[in-house]
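Chains here go by letter, A, B, C and D, matching the order in which they are written, and residues are numbered from 1 within each.
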Amino acid sequence: MGAAEAAGSALLTGVAGWLFVGFALLILGTAIAVVWSKNPVHSALFLLASFLLVACVFILEEAEFVGAVQILVYAGGIMVLFLFVIMLVHQRTAAGTPAFQHQWDIALLLLPVFLIPFLYILGTEKFTDIARNPDAFRAVAGRVIGNTEAVSWLMFRDYLLPFEVASVFLLVAMIGAVVLGKRSFEKVD
Amino acid sequence: MTDEKLSQAERDEAAYFAERAAAAGVGRPLSQGDTPPAPGEPPTLFDVQEMELNFGPQHPSTHGVLRIVLKVDGEKILEAIPDVGFLHRGTEKLFETETYPMGIPHTDRMDYVAAATNNHAFCLTIEKLLDVEVPRRAQLVRVILDELQRLSSHLVWLGTSGIDLGAVTPFWYAFREREQILDFFEEYCGARLTLNCMRIGGLPFDLTTGWVERLLEFVDDLPARIDDYEQLLTDNRIWKRRTVGIGVLTAAECVEYGLTGPLIRASGIEWDLRRAQPYECYDELDFAVPTRQNGDTYDRYIVRVQEMRQSVRILRQCLDRLEPGEIRGKVPRVIKPPAEEIYASIESPKGELGFYCVSNGSNRPYRMHCRPPSFINLQALPKMAKGHLISDLVALIGTIDIVLGEVDR
Amino acid sequence: MAEEITPPAATGAKEVAKPKLVATDAASHPWVMSLSAGVPGAVVASKTFAGQVTVTVAREKIADVARHLKQAEDFAYCVDVTAVDWKERAPRFDVVYHFYSFSKNDRIRVKCGAADGEDVPSIARVYLAANWCERETFDMFGIRFSGHPDLRRILTWEGFHGHPLRKDFPLEGIDTGAAIYPEEWPEGGGPGASDPNRKVVS
Amino acid sequence: MKILTPTFLTYVKVLLIVAVVPAIVGFVIVLAERRIMGFMQVRLGPNRVGPKGTLQGLADLLKLVTKEDVTPARAEKFVHFLAPVLAVIPALTALAVIPMGPSIRLARHVSTPLWVADINIGLLFLLAITSIGVYGIILGGWASNNKYSMLGGLRSAAQLVSYEVPMGLSLVAVLLMTRSLSLVEIVMRQDRMQLWFVFPGLLSFFLYFVSGVAETNRNPFDLPEAESELVSGFNTEYSGVKFAFFFLGEYAAMIIISCVAVTVFFGGWLPPFGHVKALSFLHIVPPFLWFLAKVGFFIFCYIWFRSTFPRYRFDQLMALGWKWMIPLSLVNIVIVALAILWTPGRTDGLVRLGWLFGALFLLMFFLAKLRQALARRDRLASEPAGTRQSALKA
């Protein structure tokens, strides 16, 4: 944990800084590889690598809880289901299907729509402050207690309503998935 | 005669049976390959994918070289087409080229886990053709050998079908007892599996000294051992979930498919050749024919286990009645039966095992045909497997209790 | 179904006059009479031997005979279908059927002659059990069953030439063209290939 | 003693885990499994290589290492290679946070705890890392280009994802009592509370261990490699060292599941009833051995299950997971939370909860036995008469 302690003082200095840069580049590389790969299973594997690297960055920044959850939920849960679906898909059929290339133009149009707000948020006061105040995500009411606790305080007290709303959304999505899946299952019989 | 010449009623009936046969998975060509997608509609990524899976011929749970072509959706079996014949050795052809007594060792190789019953059925057929009376002692010893063989065959079935469902331990227990039974065979006739232990008109040898006493000891021990197997399986919840309601056959279906043995008895028909058409001295023995009503894999299991207990009972009675005496009937040195035809059958551990013999008056059978229970029983597999999962197919192969040597002959 | 334990029906040699078993005509047997009445012109001959009734019927009528036996006479269970090759005889083959009745607790044997190349009506639609038996008979004797839902070879493989249980099929086997290691086992295959007395039929 | 710096000791401990665990797996657990199963199945088990067969593991290892490494012709070569690696590395990594004992003294001023790292999200880290292990199986099944392997991979994907949920939820209930994710802290707290968490967390423990057995693909949940159905499932096409890696991964996962069960529910390295005066002699045994003995017991349970149970069917396994285990673990969380709310900061509420669970389990056990006995009676009654007594030999 020595490296992580050093990272506390400043975001992009020292060993931790170099590690961060390395991880970030790797994340970018794997993310590009996800889109680039012809084989859907390889794409999924690169996405998995990307998730794991993101988790590494989280842990590097002493957000262990988020890092662990990132692995547990995305790598251990969601990606497994992705792979499950991809493997069920007939490889020959998948190879013959046009792999979504016709969406190029739309993607290009949509890119600024998402990129500009994202950059704007990154540029706001709150986030530039982090480099100077590394405890911002570890403190509750001015007291530094650790990332896990801080996250739980935020989630279950400060933002309880949005949290619950999000979970209701997920529930709806889940029920929808069950209904859709059920219908296609009956078609088999 | 083509279908056009049939009357309306016959055509209706033919359509009915064709539909039934199709429902049972009979009659689709084997090498159809992947089902082509409907014309004009390109396959999408999320279409239901039908996969063709070769189950066997080399597979841990096909109990020999049986190939089953499966059409599966995920793990659900849409269609199962058995493909047999990998062990075909032309036994029926061999019978024709050798004298009557020389045919007996060939029968050993058919149902190789129950050789004694094969010998018995073969000898019984020729004896019937010759009209030979088998001496009483020979009859009793034959019944003893039959029942021992039934026990050992059921033990093999119990062990292997347990392993098929992941229960490894009963296998070792069952094979411990089977080894002892094989020891008895070995002591009697020198062989453990391919026994060749009966002759036309009687037996080749008399029992060795002490054999009966040792067998009595073993038989006294056996019910407790059977309790052991039941302890592991009968009330086991997982075992029940894996077997109850799997591969249900109604009594009518059993008759329609010609199923015999424990399969038909588990569906509620109390039919056992030992009782229905007694041979040797079965008519004077006191035993029950266990039946169950549901006709699923669990009931077939129960029926077989109860049959083992009945076999113990029969063994005790036979051993009790055994008295010194002749072991061979009056059989001519050269066996030349009249130029006639005969069919005789016995209740083998798997079902009705029959031989159809056509003689032309010479010392060799002109035609010797075997009615193998495994072969006929296996026909019901497509019907039983349809709609079940791959895991159940394994249970179903186990529950039919096939021996590929007998299926393919 | 056979529910009661009844004394064994007339099977075995006990009822027939000793010392020698002889075949007797069975034209007056109730089943044969029922068949003659139910399927006119079907019964060609009939006999009883060792308590077993054998009826020889016309080849074209066999499906009707089976249907009649199943429905009118309650022979619900088809035990077996096989054939006998008589080689020199006029209709070369006998196709032999065994049926069993649970209520009568007895069997009947039905035979029909078939010349080489003649089709025999299939009974696989009357008895599902006959399906594989007829396939086996086809495989072993080359007798075609018309109207069979799935008449393929069953014990030998698809592409096998010949029918092993015909009397003119050599016991040594034939060259199947399936030599796997030709340098080891030359054409005509099999471990006995080096035997000079070996008969090979191609 | 300059050489015994904490960093150096950490390296030594890491090395020990990487080297010792495979050895334990190869020589102790595999031999124990085969001998114990042999004992249960009235046979001997390995008894030829070395004294009493103790070197059988070495022989097996040599065989696996020297065996030809076959990659199927149309397999995905890289993924085929990656899969066994993915199966084994997470399992070994996870061992780093397992506390196997308190600090031991190596020299006069040097002592080191028997764990590599005590991170404050220890349990979460464990769950996260072990959840990566599933990729080994899925990818191995997929990359082999074999339909049976593929089915095995699909089975395991569904199975492992499903059973991770009840496993996590069952641990959540215990976390309410531990108030910490650090495994060391969990053991310390059990020491302070003078209460092993298995008592108030009886239900949690059962849920955890059952899903743990399912997570490690062991009987009766060994569907991904069910040899009688899928030949050998996901590892059908693997041989040599790659197969050895899968093998090691499975056994290391077993060790981890057992270690977590011991740490979270059975007081880690603490001796049983260590606070009872009369039993204070139990402290003579080194804590590490207590830990080892407890882990050994759970490994024994694995072996015991394997020789006792038939295998579940896939849909039944899923039904068990989703329809029983997950709802039950949610209910369990509520019950434990209520018990803690009832008496905040005190242990007596938890103790009462323990008694409640204990009584319930006993009741259910006897009900099940009763039901079984009744079923047996009915079955015997339906059996043909005179089956059980010998008419003639009386």
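Heads up, the rule we're going with is that a residue touches a chain if its C-beta (ideal position, glycine included) is under 8 Å from a C-beta of that chain, and two chains touch if they have at least 3 such contacts.
Just so you know, these numbers come straight off a predicted model, no measurement behind them.
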Nearest-to-centre chain - CA centroid comparison: B
Winner on C-beta contact pairs when B-C is weighed against A-D: B-C
Whole-Å gap separating chain A and chain B, where each centre is the average of the chain's CA atoms: 60
Centroid distance [mean C-alpha coordinates] between chain C and chain A, Å: 72
Distance between the centres, which are taken as Cα means, of chain C and chain B, whole angstrom: 21
Distance from the mean Cα position of chain D to that of chain A, given in whole angstrom: 30
Residue numbers of chain B (touch at least two other chains): 74
Multi-partner residues of chain C (at least 2 other chains): none
Where chain A touches two or more other chains at once, by residue number: 88
Touch list for chain D against partner chain B, complex: 37, 40-43, 147-148, 151, 154-155, 219-220, 222-223, 226-231, 306-316, 372, 375-376, 379, 383-388, 390-393
For the chain C and chain B complex, residues of the former touching the latter: 1-3, 5, 7-9, 11-13, 16, 18-21, 23, 49-50, 52, 54, 60, 63-64, 67, 76-80, 82, 84-85, 96, 98, 102, 105, 107, 109, 119, 121, 124-133, 136, 140, 146-147, 149-150, 152-158, 164-165, 169, 171
Of chain B, residues touching chain C in the complex: 1-3, 10, 13-14, 17-18, 20-22, 24, 26-31, 84-85, 88, 90, 92-94, 97, 128-129, 131, 251, 255-259, 269-271, 275-279, 283, 338, 340-343, 345, 352, 354, 356, 358, 366-367, 369, 371, 375-376, 378-379, 408-409
Chain D contact footprint on chain A (complex, rising order): 1, 39, 41-42, 45, 48, 52, 55, 64-65, 68-69, 71-72, 75-77, 80-81, 83-84, 87-88, 146, 148
Sites on chain B touched by chain D in the complex: 51, 53, 59-61, 74-75, 162-169, 171-173, 176, 216, 220, 223, 232-236, 238-239, 241-242, 286, 288-290, 302, 306, 309-310, 313, 316-317, 320, 389-392, 394
